[in-house]
Amino acid sequence: MHAQEMIRTHPRVRGNANDELIRCIEACYDCAQACIACADACLGEDSIQQLTQCIRLNLDCADVCTATGAVASRRTGSDETLLKAMLDACAQACRRCGAECGAHASMHEHCKVCADVCQQCERSCMVASGTITPTRQ
Amino acid sequence: MHAQEMIRTHPRVRGNANDELIRCIEACYDCAQACIACADACLGEDSIQQLTQCIRLNLDCADVCTATGAVASRRTGSDETLLKAMLDACAQACRRCGAECGAHASMHEHCKVCADVCQQCERSCMVASGTITPTRQ
Amino acid sequence: MHAQEMIRTHPRVRGNANDELIRCIEACYDCAQACIACADACLGEDSIQQLTQCIRLNLDCADVCTATGAVASRRTGSDETLLKAMLDACAQACRRCGAECGAHASMHEHCKVCADVCQQCERSCMVASGTITPTRQ
Amino acid sequence: MHAQEMIRTHPRVRGNANDELIRCIEACYDCAQACIACADACLGEDSIQQLTQCIRLNLDCADVCTATGAVASRRTGSDETLLKAMLDACAQACRRCGAECGAHASMHEHCKVCADVCQQCERSCMVASGTITPTRQ
């Protein structure tokens, strides 16, 4: 992905990029794709009855990661309170989805890969959130 | 929209629909469309230099509303903590966007309409959030 | 929804709104929500094994409707070739999803509602597509 | 990104992955992020009046890439006609956005990066589309 090049060349950022946020943006897009693919892979398993909570959490996580990646990619103007709220919500979505996928990791390799991606995105969101100071409004 | 009919016929909901959440789902989709359209209308104004913060908040608000509407539409399995976090983040996005659009309402009629839609969505998200008890995890 | 008020007040549209396109925008958001809810309702059914194709088409249809509603909401600048391609792809997504939901309509009321919404969106996309002339490039 | 690992471990794919489609999925997510970031970077430029068509095409391209990446990530059930229509629409979105960004590449480095990403995604979509045979319906 090219998040670093895009943010580094932004007119309001030049020379002042937040590397933790850039890593988080890439983790969010990675996780959105993995969760959409994992939901669909679960749908194709014979044991789908046991995977309904996993599919639901996958779909929630994908939606929240996509929105968080977009909000975090914007550096013109600001709403740091919203950015922090989304990073925290995204960490929550990844935590729950990663835990559920992790519980099926020994049976379904796609759940194992997805659990790893979710856990990495959860950590990236928490680290990035720690760098953001909500604006007083 | 058909959110009420869809939720009312859901196998895990029958007879136990959360009307505040249903109204919130429809408000989120309404607000997502209004914000995308307002960002684009601002882009077409001669005074665009004064509208960059408005466009940025419109785009954030649209992304968060779309994700919140999707998460709130799912009733199989659960992650009430995430749902509440997203409703609260969405209320925040609508509050900031509604305030910014409201500041240009006398000059740009699309900002006036969008400010009203944002304020209605903010209220719907706060009311719906009040009905959700985060799950202990 | 407020698509009509938003488009009518757009600086590049004033007095020249395309009513078929406005109806299509609202149909796309309605259908996106219905399809996300129907996928989740199918996930909650005991007969989920028979509904995997329905869930997959629901999710595709929701994604395409969301993107089409957004592209159709923009009136600054233009890419009429893309708009027409998206309206046609969206009609295709709604046709397949509506047919699949329709096949389960007698057993699952959410599929019946969703089939109706898909068929209405398919028609709106086709009518709107007929009003668009692709730009020569 | 992990598209390859996710698709390779899908129960309906095992040993039969379409490498062109996998590369295209990753290109779509890369391009969605780059276009969201480029729209926002254009918004922060002093010469924003000259960049309104660029911003509009960026936003369209991001929406279409996000939807295409999602549809292409699903391998349970099928709608090859829709997949091909979305790959073709996405190639069109990338072509127009890449051309517009390319026209500002000497003045704005973010447009140069985005033009490259769009052109790579356009090629990936065209190659992937060539591997898909629409289903007779």
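The letters A, B, C and D name the chains in turn, as written, and every chain counts its residues from 1.
The working rule: a contact is a pair of C-beta atoms (placed from the backbone, for glycine too) under 8 Å apart; a residue touches a chain by one contact, two chains touch by 3 or more.
Owing to the predicted nature of the structure, the values given are computational and were not obtained by experimental measurement.
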Query: Same or different for chain B and chain C, where same means more than half of the interface numbers show up on both copies?
result: same
Task: Tell me, please, which chain's centre (mean of its C-alpha atoms) is farthest from the centre of chain C?
output: A
Query: Just how far, in Å, is the C-alpha centre of chain C from the one of chain B?
result: 19
Message: Could you work out how far the Cα centre of chain A sits from that of chain C, in whole Å?
response: 27
- request: Mind pulling the residue numbers of chain D that touch at least two other chains?
  value: 40, 43-44, 52, 55-56, 59, 66, 70, 74, 76-77
Task: Sort out for me which residues of chain C touch chain D in the complex.
output: 52-53, 55-57, 59-60, 63-64, 66-67, 70-71, 74, 76-79, 81-82, 85-86, 88-89, 92-93, 96, 137
Field: chain C contact footprint on chain A (complex, rising order)
entry: 39-40, 43-44, 48-49, 52, 55-56, 59
Field: For the chain B and chain C complex, residues of the former touching the latter
entry: 1-3, 5-7, 9-12, 25-26, 29-30, 32-34, 36-38, 40-41, 43-46, 62, 66, 69-70, 73-77, 108-110, 113-114, 117
